[in-house]
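Both of the next two complexes hold chain A, though its partner changes from chain B to chain C.
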Partner chain A sequence: MGGFERYKRQITFDGIGEAGQAKLSAARVCVVGVGALGTVVANSLCRSGVGFIRVIDRDYVEETNLQRQVLFTERDVSEGAPKAIAVAEHLAGINSTVMVEAVVDDVNASNVERFVSDVDLVLDGVDNFETRFLINEACHKHGVKWVYGGVVASGGATMNILQKDDGPCFRCFMPEMPEPGSYPTCNTVGVVNPITGIIASYEAAEALKILTGSGDVSDQYLAVDVWENLSSYIKVNKNPDCPVCVGKKYELLDRPAASYAVSLCGHDSWQIIPEGRDSADFGALAARLEKIGEVKLTKFLLRFDGDVSFKLFPDGRAIIENVKDETGAREVYAEYIGS
Partner chain B sequence: MEIKFKFIGPLKFEVGGRSIFSRDVPEGSTVEDALRVAGMDCKNTASFNFAVVNGEKVEPDHVLSPDDEVKVFPRSFGG
Partner chain C sequence: MIYLDNAATTWPKPEAVCEAVSDSLRNIGGNPGRSGHRMSLESGKTIGRARLSLSKLIGASDPERVVFTCNATDALNLATGGVLFGGGHVVISSMEHNSVTRPLVHLAERGVECTRVRMDPVSGVDPDDVAAAIRTDTKLVVMTHASNVTGTVNPVADIGALCRGRGVLFLVDGAQSVGSLPVDVESMNIDLLAFPGHKGLMGPTGTGGLYIADGVRVRPARQGGTGVFSESPTQPDELPYRYESGTQNFHGLAGLDAGVRFIVNTTLDAIHARESRLVDMLIGGVREIGGVTVYGPPAGANRAAVVSLNIEGVDCAEAAMILDASFDLMLRSGLHCAPDAHRTLGTFGLGGTIRVSPGFFNTEDDIARCVEGITAIASEA
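Up next, the complex of A and B:
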């Protein structure tokens, strides 16, 4: 099953053809975040025969993901599988001719350029503004096109960031990053799965057009709401005061490296990434923690439930659950895992 | 002058739960002024993304005309 036979239907489509299929096979993309949007995007691009797909996610599969995050199964939940690993395993069974690189990591200023600079296109599947601002800066710095996608409740939006001299970037229409907790989230107002599928499918369609150099690729902002029968294309102008695409200032990328904490959307959880990340000694830690709570070790992570709950990954990154602020999360990390 | 509003998605919760309604606003009102009449302080509402008047994205200081339709779009960030 290594030839183009499997792509016969889309090769027959005159927007792709054999030449377009060859371009897809040679293309490299990065899907940042493989939740509700990213799983649909990765699934579509893998089935379409995009040659290399890097999938990145810091999270693991939970039962509440199954309502909208395609590719995942109840088995992934019971194994506590990292999303990137689970996606790669499922995609391998769908199209083994595609090279899928799974990255279980947080995307931040220390690594985002490495993830986006060697691909042709970046697809947005993330769940927070800070990572999008980072992607925007890194992609602009390296001249890599990216496709924004975001959803909440029954609505969503997508837009191509094409790195044109006269075209807008993400920061042009969203100049300031809102404070976490100051806006409605999928946790507070929910989300229905048709909108995640629709927005992600638009992202995938734009990817196919951009990668094949075919079709009408615009940088208009598309807003869709399936509960309000809304579908609007909106022209976004380049902001002459944009610090990124006009000023070429990359304030998030240029932050000094340090221990890093971030609130996770929809979880009441905080992620702690220690400075100078190193391999965690799961065996010694598990022995210590078993005296004060329940420890579950999988091949991917250590889970602890006691007075506090957290998940610890092999590189020292931890997700501290049911804490309200960064200070509380750091206290748990220091007390239970070590500074 | 009468202005028709449409608050997309969760933005309706910022203005009492209704998505579509009209309000009388003073002549010469800007989008920001009119939204305040509708119940939203757009510069201090984190979920406010931008407004579209008669199909075109505008800034909050855009001056409205009678019978304009103002669609208000939220920030879409989940994934």
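Up next, the complex of A and C:
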């Protein structure tokens, strides 16, 4: 097995061995979002010899990414490289035997099934719950396992969704999509570097176990906080009324877009309309946003001016100002308001 | 929920329209004008009835000269492209919709030249300006009957008479007038009238039409099956078949027919009077508010039921969103697909206007709520 020479250290490890390595080499994964989590996951799995890695991200490399998003360089920033392309290029220099497919796109109801249905495992590197709910539905529909991972500030969590008849899906853990503004985001409360590597490394480790057919795959939700010195495993039960994994109702997959964006003619602005939610949590959001920019609350709306400008309305809709396209508007919504 | 966006599409539709669409979907299965069986004949009759009621409404003596299209935009494209395909000069107003201007910009590649005459936001186009703009190579004058931004009405009868005298074809964009204002193609000397089915006529979306006066040659925009004259290798000359290739939207046209009948039974006068009362109430109400600018004709003027305004210090998109999120009012902000109109009004740089467009089914309470919302936003600004 000359081709496996580079994997000698992990083949020597009992948990993998040559048989495990062969499985990894035949495996196909999809990493949705290659930011702080996704770059670490893609890096680990590429070095470990997972045969095919699809990396998807709609975003471009920015200077503020470099503090935690591995693989990217200052040159990627100056070139304004798409994250997915930059990841593929760097990984090609790390392990040319792995096939990396770069997709520069928004993941939505019309394309998510195509992205997840031809792989063995999906890994979560996204920055919003809307996309996770979508991934959860698409993966359940196609019987594809996925690993949830999320971080903000100094804490993070991960959980395997193994598509077992008696096991939970992500919707069992989080029955409703959170209200816009109710969850902190990395742009509003920040994030420290180590937690991203820790959660992503757990995701990668679970991926190796799942792909090699290990009996030690975790069936619990893991929460870690590196600042508050916390780490705990929680058992998540299957919700007998779960619309997705019990009811097999794929609401988000059947919507043209989970949330949709409308260009406001005459303006360089976009209106984002979050689907399925009709209220926003102004109070908590205003408190967070005040630390990073100017917040003005009127009887009718919350106005934010900082690195970006937007107006959020009580029904969860927002006008995102001075953005060049729909993708940019969605990003601002996800990163500053949270969805 | 208060709907004040009837200039975009009217809502609600008369119950009879919903019933007619439902009935045609449930009970009429044949392809209109194609097969000789009873259901095909029935669907053909449905379309024939719609054509007849429309021709009566717009004063066309020959129903066959009303051809159905997907919407007013489709009709305007057919008319401009079909008259100007060989080039030539066209005169339009300075407040036309993109459905008029974009096809003409496209036709510039074929050598079409366009002159814009100023449309006054209060009194409309001065026919003398149109007369002065007509050249020896002018083939067509295109005017909106009523602005979709301000409701301003153009003197189409005067312009029609003038065009007829000069031997120039006259195309009217009736998007905001047909079904709400009196339109009579013969007495107004209108050669081509484009209209939507889903606005003033209260029919379903996907319906509309173009009236083509006798003797006016319009090149068809598409060719194909017509159900008749199948032996001919080329598109037949006979109307309406010349312009109606492919299976027609007869379910939609069944609804459109019911919409036109509703208008005839209610009477245009009653519809116009009601809409005018609501518009006057709206303008009267918002005029009292400091910082609010209303564009276009004053209260009491003859106009379409479209009012544009801005609130000082408040972006129009933001205002519309507040009216929706906090006052349950549905209306539209922005350029309303008519950037030229905003250049004329001086509102282009503001990103447009807030547009309030009441319909026949709105109430005084709806308008009061709208005035209340605009007042509240203005006082926060």
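Assorted remarks:
Methods note: the second predicted complex is superposed on the first by the 253 of 339 C-alpha atoms of A that agree within 3 Å, B and C clash if a C-alpha of one lies under 4 Å from a C-alpha of the other, contacts with A are read in each partner's own complex, and residues count from 1 in each chain.
FYI, a residue touches a chain if its C-beta (ideal position, glycine included) is under 8 Å from a C-beta of that chain, and two chains touch if they have at least 3 such contacts.
Worth saying up front: this structure is predicted, and the values here are computed from it rather than measured.
In the superposition on chain A, contact of A:Gly20 is made with neither chain B nor chain C. By the touch criterion defined above, A:Leu301 lies against chain C but remains apart from chain B after alignment on the C-alpha atoms of chain A. Once the two complexes are overlaid on the shared chain, A:Gly49 sits clear of chain B and of chain C alike. Once the two complexes are overlaid on the shared chain, A:Ser154 sits against chain B while remaining clear of chain C. Of the two partner chains placed around the shared chain by superposition, chain B is the only one that A:Leu37 touches, whereas chain C remains out of contact. More residues of chain A are touched by B (comparison of chain B with chain C). Once chain A of one complex is fitted onto chain A of the other, the partner contacts of A:Gln271 are limited to chain C, with no touch recorded for chain B. Of the two partner chains placed by superposition, only chain C is touched by A:Asp315; chain B is not. The residues of chain A shared by its contacts with chain B and with chain C are 265-266.
Within the complex formed with chain A, the residues of chain B that make contact are 8-10, 13, 19, 46-47, 49-50, 52, 55-57, 71, 73-79. Partner chain C is touched in their complex by these residues of chain A: 264-267, 269, 271, 298-301, 311, 313-315, 317, 319.
Put simply, chain A touches chain B in their complex at residues 33, 35-38, 124-129, 132, 149-157, 173-174, 178-179, 182-186, 189, 191, 199, 221, 223, 225, 227-228, 230, 232, 234-237, 265-266. Residues 315, 317-318, 321-322, 324-326, 333-337, 339, 342, 348, 350-352, 376-377, 380 of chain C are the ones that touch chain A when the two sit in their complex.
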